[in-house]
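Labels run A, B, C and D following the written order; every chain starts at residue 1.
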Amino acid sequence: MRLSSGTIRMIIPAASLAVLLVAVFYMQPRAMSYTGLNLLFNLAVPIALATIAQMLIMAVNDLDLSMGTFVSFTACVTATFLQSSPALGVLILLGAVAAYALMGIVIYVRQLPSIVVTLGMSFVWGGLAVLMLPSPGGEAPGWARWLMTSKPPYVPMAIVASIVIAVLTHLLVMRSSFGVLIRGVGGNARSVERAGWSVVGVRAAAYGLAGFFGVLSGIALVGLTTAADANIALRYTLLSIAGVILGGGEFVGGRISPIGAVIGALTLTLAGSFLSFMRISPDWQIGAQGAILIVVLALRLLLNRLEKRENNR
Amino acid sequence: ETADKKIALSNNYAGNSWRQAMLTSWDKITKEAVSNGVVAAADAFTTAENQATEQAAQIQNLILQGYDAIVINAASPTALNGAVKEACDAGMVVVSFDGIVTEPCAWRIAVDFKAMGESQIEYLAKKMPEGGNLLEVRGLAGVSVDDEIHAGIQAGVEKNPQFKIVGSVNGDWAQDVAQRAVAGILPSLPEIKAVVTQGGDGYGAAQAFAAANRPIPTIVMGNREDELLWWKQQKDANGYETMSVSIAPGVSTLAFWVAQQILDGKDVKKDLVVPFLRIDQDNLEANLEKTEKGGVANVEYSLEDAQKVIGAAM
Amino acid sequence: MTATRALFGKAWIWSFAATALVWIVTVLFTGGASSVGLSQAALTFAAFSVIVGIGQMFVITLGPGNIDLSVPANMTLSGTLALKLMDVQDGMILAGLLVSILIGIAIGVCNFALIKLLRIPPIIATLSMSFIVQSTAIWANRGLRIKPPETLASFSTAYTFGIPNVALVALLLSFVAWVLLEKTIYGRWIAAIGQSPFAARMAGIPVDGTRFVTYVLCAVLAAICGYLLASFSGGAALNMGAEYLLMSIAVVVIGGTAVAGGNSNVPGIWGASLFMFLVVSMLNTYGFGAGIRLILTGFIIIAVILAAGGKQATR
Amino acid sequence: MNEAVMREEVVAARGIKVAFGAVKALDGADLVLRAGECVGLVGHNGAGKSTIVNVINGGLSPQEGTVSYGGAAGYHGIAAARASGVRCVFQELSLCPNLTVTENVRVMHGDLKGFGWRRRGLSLVSGQLDEIFPGHRIDCDSTVEDLSIAERQMVEIAISFAACTERPRLVILDEPTSSLDAGLAAQLMTYVRRFVAAGGSVLLISHILGEILSTCDRIVVMKDGKVVADRPATDFDTRRLVETMGSVVREHGFQRTAKEKAREPILSMEARHGSQLGLQAFSGEIIGLAGLGGHGQTEALLDLYLSANSNWWPAREPKMAFVAGDRALNGTFSLWSIRRNLSISSLKALSSRSMVDPALEDGLSDTWKKRIEIRTPDMHNPILSLSGGNQQKVLFARALATTARIVLMDDPMRGVDVGTKQEVYEILRAEAAAGRTFIWYSTEMDEIRLCDRVYVFRDGAIAAELVGDQITEANVLAASFAGGEAA
């Protein structure tokens, strides 16, 4: 049986996550429990949401360097306005989503490199966050806290949330007729345009959706941490890009996989945990993170070889 | 009796000399404690990136590993509260120091950063009663320590209106960033009488003044060896006067002992205060001698010191 | 007439225009008194961004997905080890430089080995590599700050005819890079690979060899920059490269290099580097707080890129 | 004639002028298409065929002239064209490579949406493929990038003919057969006749005059942006058509050079994929690779090329040069000028001490501009400003300009006009006589017949070797099919 490239794009990340998980369970059997899994994965939820947001941008061949500061910004809004005056908070977040959509339009209409525009925006979001919370603080809205710490039966919240995110975005991006257009713009914008679609509209929608998932990421993050600061999620820019790639996505050509992206985010989080279970001298702990990333990706190559995909290229 | 207890250090950043000194002190004191059978283990964990989210994940992993106590130098006073709460719920003792957390279940070994800022102005007011223009080098925007020291400096200036802050830059507590920022604003500034800083940035500021051929003002230092050495050279050459103030990296060892005492069943108040380490014109040489080449002026704590600090707070 | 048209057709002209504007606005604050000092400071600090930016530009030119995130760690390790080796002795200055370059080569080789042998996407390969390199730097001297040799320190902080020496070094490296890119076969090759690696291969270009050289080149430039920066700022610090991660990418893209690869330019990097320094100086000078400063920086960057417009040329 | 006038007008473009800078792509061209007819559009490379297609399709606004759909003038644009039932298969393939075949149907057909669109799209496209290309083996759930270039072209054609909610009224086919082998091309032509008979209309653009003559009711000839003839197909034969296009007809008076096999081959490839036959090439030979499209010819060429060229070290002397057929994928560098695209493989010879000498480079590009008539006012213009056929000529020039002794050609005449083909054949013959070796994969029998020796491919392996007079259409076809799974 020949596997389609889409299936392979999903199998390989899933397999590397499984291998890593087995290794973690082996080293720390205590992790193999309801609370254990929750502790391992609950901080992956906001990362997964940010990764999905990044993936939507990468689907239309762009790259968002402002994802980290944007999530920090939405986290600050969540911990301040959304908590104290929800109506105003919702308005601000809607404005942020609209700003994303606008960014998508401007980038296309003026043919600008997305990297530079989002780089500029990263300063803007960062500045707004610093203005809102000059020093760390704020408070998570009760419902966000409740949502992120609730304990559903049998399966911990972190896993439930990851699955829900993966399935919903898969339906949205891979199965819906609208998702096809987003990926089509990434694959060949010209032919989408020739088929009578408004490419600018599709891109605005993709950016707007990305903004929406960025907002969700900020809310989820504050729900977990209970408070925010202006630098809280700076790392999400790189993490989200790495998550998309780890999940089998590519920088150009609209080749993405939402399930893969969520798995990628989980893998990155798990790789960090794996490290703290190994007792390494503090000098080398940072380096070990790099080594783990390399091993996980080398695993990908191994699995790739097994699938004999190399021959097709 | 804590011989079978395990303590972990959760550290969010290892990328500067202060943090390295902190880790070294921790290593030195805890190794001794472990070999003496005071505690079973005292492992240090560092995250790759200075990020609250990453540290929160690290704390959650430490919970899974079943430590009895976690000593935290936190990336954010609030963003770790979720993870800290989970640790407390799992029955662990959480002690935060330097970068403290606000979660009520945790202990805090705090330095009064605001007072640290204020003390700089007080010193300057004494040294130059006529006042003058100040340049403020701040830390990383959005971080609480930066905000607190800045608040202290501002309070000091309000009390001493003869001083005026004519310029303010962010030096991110790094010599090269401070140098870059100061060099950029310096050409536009009038005569500067003194530079107030946050630590780790005084030498960079001095370099920038020297490069711009401006008279060197009184620069408040931050206890780094290169700063002290520069101060010493200036002092020997032209009688340069200033002060140096910072939190001692060895406070990690105090936190260790506090955690040990709590595990031992001692009643310890949730909020402890440690003095900051201040170096003045007269004790400069003595401190410089004690400081490792390229390191930071340091004080390490013993069990007795810790008990004194605990007792004082009672 | 056509000359001006051709000039404004160049993407890099806009970063220079923005730089000039920001410079004027800053100097106006003091009624012109700060012009020399500000220019010298700008040249000095732009020089470091230029050196790492050039390396990054070569890599980015290789096409989508190509980027080197190990630049900051590389600078730290190179500065740390070189200063440790030189140990304040003037006689060791060249040896120190040599060690820096060797470190650069080693990191470049490792980066490319990860990319090629393990097929790891460059962004993750170089990120992982940077963690390992950073650890090595920590392990090497635990963050202690060692002073540079006196001669080297004074060379890197001195001026020749009023121009900072580091800027002259950067200028020299820029010239070499410009020749490489615009005039040599190698320059053609990387631009071709950036547009389509497969087509490049079918046109007879040794694609892997060229990419290898490019990654090594980038790492070597970062290492040299680390060496210079450590000498300039009076010692290596573990966090000394941190700023240059974003900076190295920003100066490349703001300077007008097509991020999609295949197109690059050296002058733009100078414009963008000066611009990035001067914007912060200007906002500091006018006394804005950190929040407003960040927001304005962002809007100014977007304004510059909006003025420069897209690449209309490639229709 | 009378009948045609009565028929309903689907699209009419009148007095169209389009200029790209100094280039007048269209200079007052008229084109009227009516229901129930198949119109052939021919002309040399760069005559303006694709440009007028873009105008009709709404993607390009003419500087002068009018376009009207169904007789109603006034509104123009992609949406208007699609609303009037105009569909287009473009010269350069325009599917989204990252999407599956079904998903591409969705992109092309806006009204395919709502619950169950996937199922409906799938049956739509697979039904249409079965109808046009009976016996095809395309899996409609596979991603387009996993398909061969011929399969992609088939899919695109099928999607354009498919009727989602309403049947297309006009289908424009811009060189639809350039990547199809003879069998598939014949199937398509048959379908076109059926479609036209059912009242649809088709605009067919091709450089293969045979299919134009046999399929079309009316032929429009373009030259330099103008329509120079618009007459019923019965008024033309090949010779008259070629002459109207402005080229001179040359006879196939072509003498094969008998090569003695005694010498050492300069290139040989082991037998592979279970075949007994290997591939050998001697100096000065033109070797053809024949067989049905997608049976391993391209792979064989790629293997030969990649094994001879190091990916790590620059070669001192290039051993082989390669002419790509899929120019968008592995041919052109789209950000570059024509000159740079042409010179990239010969830089060694154009430089001293690794520095490229602009004067030598200009010299080279000017020489080849003249030699194979690249139609552009300035070789500094971007490569994408060239018409498809002219881009292909640049790739040809790139390979021929090198000093390589062997030239591999992967169906290189895709979209090259008749006149130029003749010129290129001449060049090939001259170069071969001077000792160069050509290995030439072609989907056109006329070209295969020009070769000294032919290897016929089947299922990735060489099924037969034909020499000299054995090279006939019958023998090639026999070898392409015969034998079953014997080997």
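In this text, a residue touches a chain if its C-beta (ideal position, glycine included) is under 8 Å from a C-beta of that chain, and two chains touch if they have at least 3 such contacts.
Every value quoted in this text rests on a predicted model; they were computed, and no experiment measured them.
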Reference chain A; chain at largest CA-centroid distance: D
Whole-Å gap separating chain A and chain B, where each centre is the average of the chain's CA atoms: 34
Rounded Å distance, chain A centre to chain C centre (Cα mean): 29
Centre-of-Cα separation between chain D and chain A, whole angstrom: 42
Chain D, residues touching no fewer than two other chains: none
Residue list for chain C, restricted to those that touch at least two other chains: 131, 134, 138, 142, 258, 290-291, 294
Contacts with 2+ other chains: residues of chain A: 129-130, 134, 285-286, 289-290
Full enumeration of touching chain pairs: A-B, A-C, A-D, B-C, C-D
Residue ranges of chain C touching chain D (in the complex, touch as defined): 179, 183-186, 188, 191-192, 195-196, 198-209, 212, 258, 262-263, 313-315
Residue ranges of chain D in contact with chain A within the complex: 57, 59, 78-79, 82, 88, 90, 94-100, 103-104, 106-110, 112-114, 117-118, 141-143, 145-146
Sites on chain C touched by chain A in the complex: 64-65, 69, 114, 118-121, 123-125, 127-136, 138-139, 142, 246, 249-250, 253-254, 258-260, 290-302, 305-306, 309-312
Interfacial residue positions of chain A with respect to chain C in the complex: 63, 65, 106, 110-117, 119-131, 134, 238, 241-242, 245-246, 250-252, 283-291, 293-294, 297-298, 300-301, 304
For the chain D and chain C complex, residues of the former touching the latter: 305-306, 309-315, 318, 321-322, 324, 329-336, 340, 344-345, 347-348, 351, 354-356, 382, 384, 398, 402
